[in-house]
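What follows is a pair of complexes built around chain A, which joins chain B in one and chain C in the other.
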Partner chain A sequence: MKSVLEILKEIRPEFDFTASRDFITDGLLDSFDMVTLVAALDKNFGISIPGTDIVPENFQDLLTIEALLAKSGAKL
Partner chain B sequence: MNFTFRRKRISGVLVVLPENERSFIEDMKNFNFPEARSLKLKEVMGFDKRRVVEPGVCVSDLAVFGLQHLFEQDLLKREEIDALLLVTQTADHFMPATSSLIQGRLGLKHDMLCLDINQACAGFVIGLIQAFMLLEQESVNKVVLVNADVLSRKASPKDRNIYPLIGDGAAITIIERDHEDTMIHASVKMDGSRAEALMIPAGGLRMPSTPETALLEDVGDNNLRAKDHVFMDGSAIFNFVQTEVPPLIEKLLARAGVSSAEVDYYLCHQPNRFMLEKLADKMKVPYARMPNNVVEHFGNNGSVTIPTVMAYNLRERLQREQLQVCLAAFGGGLAWSAMLLKLGKLAFNKIIEYN
Partner chain C sequence: MPGQVLDAVQKAKAGAKAYCTNFFPVESKLQSWIDHGELFAEWQDGAVFFFRTDRDFRHFYFCADRAALEQGMMSSTGLKAGAVTTDLVGNNATLNQLLTAFEPAGFRRYTQLQRLARIGCPETGGDAPDAGFAEKADVPAVQGLIENSFDRYGEQLPLPYEIEFAVEYRQVLVVKRNGKLAGLLFFETQGLASSVRFWAVAENFRGQRVGSALMQHYFRTQAAVRRFTLWVDAHNENAIQKYRHYGYAPDGLIDHVLANRMITS
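Presenting the complex of A and B:
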């Protein structure tokens, strides 16, 4: 199983996600990247993140993404 | 708003798709994005092939082509048509109504009603509701519902938000009275306060088209679009669908006294595969019972997608047998709608190509 950071790097290899506090406002993820990320997280963790949770607030940084995964039933 | 209808049925479905096919691989060369990112999007959203009209082709051309096919194949008689309803967002002209142009080109009788309905992706269910209401009149025995759009003509090739998903097409649905005591339940909701999430800003009287409204502007995320082009706030629309559609369907089924397991198929509008998979997950419906493959083969052709699902996925089955189906249509307006009905024993249910 891949880590969240590894998945993020696969989607946007040109960015250093550890150096950003807000992936959205810093321009590391746009709305289509969020969709691609959700599809990758669903597959990797064997879950389905609810569509209503696919909002920028849940993709600001590693902590919010991990919180979303936990809420969606992922075993981290 | 809830509706109930008795003794009404859909008796035939014909979908007309342009012969001209475009591919996502071809289109992505227009986008200012790395190829690898576009390919990931293709995989998740299901973007692949789509059918779009050649320059100059209008809604009335697709509708006339389809209706002439039905007349020639003896699947419909001109004199039987008591009402012609056209649901479109891309009318031939401001005036007259495009349904009147279709009537004129086909030489249909004068003793009939022609009506244009300005609705987007929710328009199949809304059109059916109008058709069923007309059939309450003794003078109306057969209604032809035409859903048609050529929205590709209003999409910016440099807007990755919308260009790769738009398809064109028309669907002709025949609606008449049912001899059996059937019951159809429907629900519709609208929220005009969110209308700007999906709109073409210029070209009407509020903002007439000018050389300035035709200029491509950088609208963020490396997309270029003019005010004459269709705009979609993808995130807002996605969230709207996930929030509003499941409770609408749940309440509809509860009102009809039908469990989700008793629904053979959920035939939904087809914006993209990802949105429908998330909808199915939320409603705990297996993907096989909520087909999501129209966008990858034909594109999102607005209110034509549900008839396209019927004709592409269930062509023979819907001619042979009757199924309990739940239709769900949602989009611009904003408008969202659902309908529970027995569908089947159709006289025809097929796709033809416009050329």
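Presenting the complex of A and C:
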């Protein structure tokens, strides 16, 4: 199983996600990337992230994404 | 209020089995549309529709369960009230199914845009001495060149107040020659990402390296950006070729623009 950071790097290899505190404000992820990321997270962790949770505040940084995964039933 | 709009979106999401949307609002833009009285909402069973007034037509956004979307579009009063466009963004595989839902509601394919992207800032050539940021006095000419160069139904052209805002925030580059606007490059930068919205050269100034001066100046002013994107008419080979020259390539995202029967061009 891949880590969240590995998945992010696959989607946007040009960015250093460890150096950002806010992926959205820093321009590392846009709304289209969020949809792509959700599909990759669902597949990787065998979960289904609800549409209601696909909002920018859940994709701000690694911690918020991991919290979203935990809430959606992923085993991290 | 943007909060009310976002609450409505959340409600539509919460009740959806198969949620679909083309509404990805940035809060500042949403506030601006509300402030200018451009945004209207229509509730349907299991769906919320938004209409944004733009010149002589409205652009349609939906947040809905897939089945509710189909039913809602058939009974929507907003969709029957005049010229309406909408757009669906994704990859071809996911969009083809959704597109079939729009035909019974009176929509047809109007045009198709594709997203191009490049990573990192290129080395730029020599100086472009006559390229610089637009000033407030340039707004009417900037608007005129955009209106003459792009399709208002297909490419979501900025209204005068949006151009004023972009000029104020140094998001419009221009080249002026003999006191006239020769070309412009209108862009948006967010952190490490930047998107070219419009790049145009006035007809009388083509072939005089105005476009390349603008693009080189753009890259020079955005040296910290890591990811550059733009949307281009998928059938405009000339424009695509020019963007390829600057290292842009398709990233797989497509935007199908649809129009209802009131739009005939």
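Just so we're on the same page, the second predicted complex is superposed on the first by the 76 of 76 C-alpha atoms of A that agree within 3 Å, B and C clash if a C-alpha of one lies under 4 Å from a C-alpha of the other, contacts with A are read in each partner's own complex, and residues count from 1 in each chain.
The criterion applied here is as follows: a contact is a pair of C-beta atoms (placed from the backbone, for glycine too) under 8 Å apart; a residue touches a chain by one contact, two chains touch by 3 or more.
Source: prediction; values computed, not measured.
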Clash or fit, chain B versus chain C on superposed chain A: clash
First, second, both or neither for A:Ser72, with chain B first and chain C second: neither
Partner chain in contact with A:Thr64 - chain B first, chain C second, else both or neither: neither
Touched partner set for A:Ser48, first chain B, second chain C, both or neither: first
Partner chain in contact with A:Ile11 - chain B first, chain C second, else both or neither: first
Which of chain B and chain C A:Thr25 touches, first, second, both or neither: second
Residue range of chain B overlapping chain C upon superposition on chain A, of 150-158, 258-266 or 312-320: 150-158
Residues on chain A lying within both footprints (that of chain B and that of chain C): 30-32, 35, 50-52
Touching residues (chain side chain A, partner chain C) in the complex: 12, 14-15, 25-28, 30-32, 35, 50-52
List of chain A residues in touch with chain B within their complex: 11, 30-33, 35-36, 39, 48, 50-52, 54-56
Residue ranges of chain B in contact with chain A within the complex: 37, 40-41, 43-45, 160, 221, 234-235, 238-239, 241-243, 274-275, 277-279, 281-282
Residues of chain C touching chain A in the complex: 10, 13-14, 16, 19, 24, 89-90, 119-120, 189-194, 225-227, 253
